[in-house]
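First chain A sits with chain B, and in the next complex the same chain sits with chain C.
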Partner chain A sequence: MKLKQSIAIFTAVFFGLLTLVALLFNVSGLSSVILGWASFLAAIALILGVMNLLLVHLTRLFKEQNLYSGVLVLSILGVFAAAVLDGLTGSNSVNALFNWVQAPLEAALASLLAVFLLLAGVQLLKRQHTGWAVLFSVTAVVMLLGQALLTSRLLPAGLRQPVNQIVEFVQNVVVTAGLRGLLIGVALGTLLLSLRLLMGVERPYNK
Partner chain B sequence: MTDLVGLIIGLLLTLFIYSYLIGDNPLYRVSVHLLVGVSAAYAVVVVVRQLLLPIWQQVQANPASPDSVIWLVPILFALMLLARRLPSVSWLGNTSLALLIGVGAAVALLGGLTGTLWPQIVGVQPATPLQGIVVALLTICTLLAFQFTALRPRSSGLWQPAMWQRGVTAVGRIVLTITFGALFAALMSTGLILLAERLNFFLTELVQRF
Partner chain C sequence: MTPLIILLTLLVLVVLLFLLTRSVRAGRLVVLRPLTSYEGLAGQVGRAIESGRQLHLTLGQASLVGTANPTSISAVAVLDHLAKDGCANGTPPLITVGEGTLLPLAQANIQHALAEAGRSGDFDLSLTQFVAHDTDPFAYGAGVAAVLQQQRVASNIMVGRFGPELVLMVEAANRQAIDQVVGTDDPTALAIATAVTDNVLIGEELFATSAYLEGSPSQIASLQLQDILRWVVVLFILGAAVYQLV
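Now for the complex of A and B:
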């Protein structure tokens, strides 16, 4: 193994185990120092990433005359300019930009989720004529209709209790078990991958 | 006046996004590029203001104190991260990434153990004991649904799952499919609520102002 690779492996294992020991035995001074260093490095990595994004789109703007890249470059520079202006004048331009541009765009994209999901559900039924697709769609319809009917006055009083029982059974028994199984599976996977990283078996930083 | 400008900008951008419903178009693309740029730059501004500036002020206030000197270590690692742009010394950047990954793995290990695994196992509060047993059995079936290999070869010599294993896997897959269906329904109702909220917000604000 090359020395260059060994240094990276040693760093990962050393700082990983040090963090683990500090957190396990509640050595608050040590853990806060190491987590502070990691946060600092992550912040620098984020800044470098955004600078790289800016460079890539500047290149695309001037070499390919891509106007969308121009919009992206202008938006990045605009926020940076607003931040500098805030620092000089004490105004609150960055928050105004967030409230005027980012928040409405994010909310609009999130609200389109219902339409996208509906289209995806229809596509699923069109392309896959399997029992699994039918079970998936029936569950989705039952849950949507059940929740909607339970809160409306359209449902006759006699049907209210059976519908409620079906929705509660699906939510409290089947979905709880399914989600718990998924979460335990994800946690076991995380533990295994973390252990492999801490033992230096997995080395994504040397690729 | 500034609120009105903000409202109109927000309304226009929302309409740009909704224009995707009639197909991919330049207005939608412009708004998405705008979102990426503003989000990325906003993240940088937040990180600089909340994390880097306080460190800088602390170091500037008392440069010789041990609390300040200790920051030389991550600064060194940050410089090594910058070296990734230079091919001859790009391997130095791997060391900084290794530190991040090592610390992240340790935090994820403890987080997964104490934040997810343990609470999911002990934090069960079923309405009845029978419900608890059913949930536990279905959870085990869900986990075993991801067992794709046989435990031992069959008499034919082929590594095929045993009948009980296939039964458990089928039950697990049914539970998973129902779970995904219910999650799909929950996401869809959330999306519908957000859509109604957005429309209601703009309609109310515009009616109040005009």
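Now for the complex of A and C:
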């Protein structure tokens, strides 16, 4: 067991350092070979993932008679059959399935986001009666109204400039400052976690 | 010249990390800032056991092969902690992943936690579920929402890289009146999370997870070094601002 762990740590640290050196000193051949191996492993992991999805839902279909799982299993098998047929006949049915089923469904889900976000904002006001919740909601309303009014003809010409200034101030100063603070924190966290991985101190793979 | 400067900086950081780790190991008292999100996280396993239902944890869509892999590794630290607690008490968490490379890692964690609890035979394939690939964020959001609606879930913990699709999952959990903890480094997802729950691990707090949950000397030292670096950045920004004004 200890030997197995040592091999895992050695492999992770060795390839981590090798990739770092290759990227720093622009040894493009070496880094692209390592990244190619990693991409190959990621592709294998994806196939395993799809098999896991199929097996989990097959089990649920037969054990719990779950109708949704049945639809999912049929969809997976149907698309697989269509892909095989495409390969044999040169037709384009997988693309047609994507364009007629998946793309409209994803577009519908994307359009629902705005409604869900609005609901989330209302729930925040119901859940928290604090100044921060009010500030959150007021900012959201000001930004939405501001953007909407600026693109419409309803706003009088005299008010156009002050509204634009408010919207730009919130976007360029408040939001940008917050985002940069967040990203600096994330960058520091990423840097130190990466260092711990390269030192072999952090071992998420060692199970 | 630049690569050498970067290497030198990394070496200095490694030495500092080593020295701080040694000092923590020697018994220097370190007080971590209280974070309410961790208190929320810590109570989730207990609530799941009391309610006799499962705890659901989803690990986001950041690939271990991509540039956002530290986010996923931090998420796995949360999984590690919850799996240990849950498996020891006979309620292993239900894990969903939105990226292929996260699946073997999640399965290994659950199997390890069950083995440590002496319950290796309890491993079930449906404990770790692949939902969708990272190129299909809406399929992932809808898939996790379906899991939350169909399974008996006590708490919903979402840690890792998410985008706007997070709203589909949190809304599904809200409809079921399920407690939620969200931890991510994505600004859009953070804005959504702030609106739906008080338990939010904001950006760098997610990277500090392992130090708060496990508290090993190297993790605490890393957190301290992160604080030191933050002050260096703050002073640099202030200095640059003053320099521009003068």
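Operating definition for what follows: the second predicted complex is superposed on the first by the 205 of 207 C-alpha atoms of A that agree within 3 Å, B and C clash if a C-alpha of one lies under 4 Å from a C-alpha of the other, contacts with A are read in each partner's own complex, and residues count from 1 in each chain.
One rule holds in what follows: a contact is a pair of C-beta atoms (placed from the backbone, for glycine too) under 8 Å apart; a residue touches a chain by one contact, two chains touch by 3 or more.
What you see is a predicted model, and the numbers here were worked out from it, not measured in a lab.
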Problem - Contacts of A:Thr59 with chain B and chain C, given as first, second, both or neither - result: second
Exercise for the section: Quick one: classify A:Gln123 as touching chain B (first), chain C (second), both or neither. Expected result: second
Exercise for the section: Kindly classify A:Tyr68 by the partners it touches after superposition: chain B alone (first), chain C alone (second), both, or neither? Expected result: both
Handout entry: Per-residue contact with chain A, leading partner among chain C and chain B
Key = B
Exercise for the section: Could you tell me if A:Ile166 is touching chain B, chain C, both of them or neither one (first, second, both, neither)? Expected result: neither
Problem - First (chain B), second (chain C), both or neither touched by A:Leu150 - result: neither
Practice task
Go through the superposed model and pick first if A:Leu193 touches only chain B, second if only chain C, both, or neither.
Solution key: both
Exercise for the section: Scan A:Leu179 for contacts with chain B and chain C and give back first, second, both or neither. Expected result: both
Practice task
Quick one: classify A:Leu41 as touching chain B (first), chain C (second), both or neither.
Solution key: both
Practice task
Could you say whether A:Phe25 touches chain B, chain C, both of them, or neither, answering first, second, both or neither?
Solution key: second
Practice task
Touching chain B in one complex and chain C in the other: list those residues of chain A.
Solution key: 24, 35, 38-39, 41-43, 45-48, 50, 53, 68, 102, 105-106, 109-110, 112-113, 116-117, 121, 136, 179, 182-186, 188, 190-191, 193-195, 197, 204-205
Exercise for the section: Could you pull out which chain C residues touch chain A in their complex? Expected result: 3, 6-7, 10, 13-14, 17, 63-65, 70-71, 73-74, 76-77, 80, 97, 99-101, 103-105, 108-109, 111-112, 125-126, 128-131, 133, 136, 138-139, 141-142, 146, 150, 164-165, 167-168, 170-171, 174, 185, 187, 190, 192, 194-196, 198, 202-204, 206-208, 210, 218-219, 222, 225-226, 229-230, 233
Practice task
Give every residue of chain A touching chain C within the complex, in rising order.
Solution key: 24-26, 35, 38-39, 41-43, 45-50, 52-53, 55-56, 59-60, 66, 68, 102, 105-106, 109-110, 112-113, 116-117, 119-121, 123-124, 127-128, 136, 179, 182-186, 188-197, 199, 201-202, 204-205, 207
Handout entry: Of all residues in chain A, those that touch chain B in their complex
Key = 4-5, 7-9, 11-17, 19-20, 23-24, 33-48, 50, 53, 68-69, 71-80, 83, 94, 96-118, 121, 132, 135-141, 143-144, 147, 170-188, 190-191, 193-195, 197-198, 204-206
Fill in the blank from the handout: Within the complex, chain A is touched by chain B residues 2, 5-6, 9-11, 13-14, 17-18, 20-21, 29-31, 33-45, 47-49, 51-52, 55, 70-71, 73-74, 77-78, 81-82, 91, 94-113, 116-117, 120-121, 127, 131, 134-143, 145-146, 172-192, 194-195, 197-198
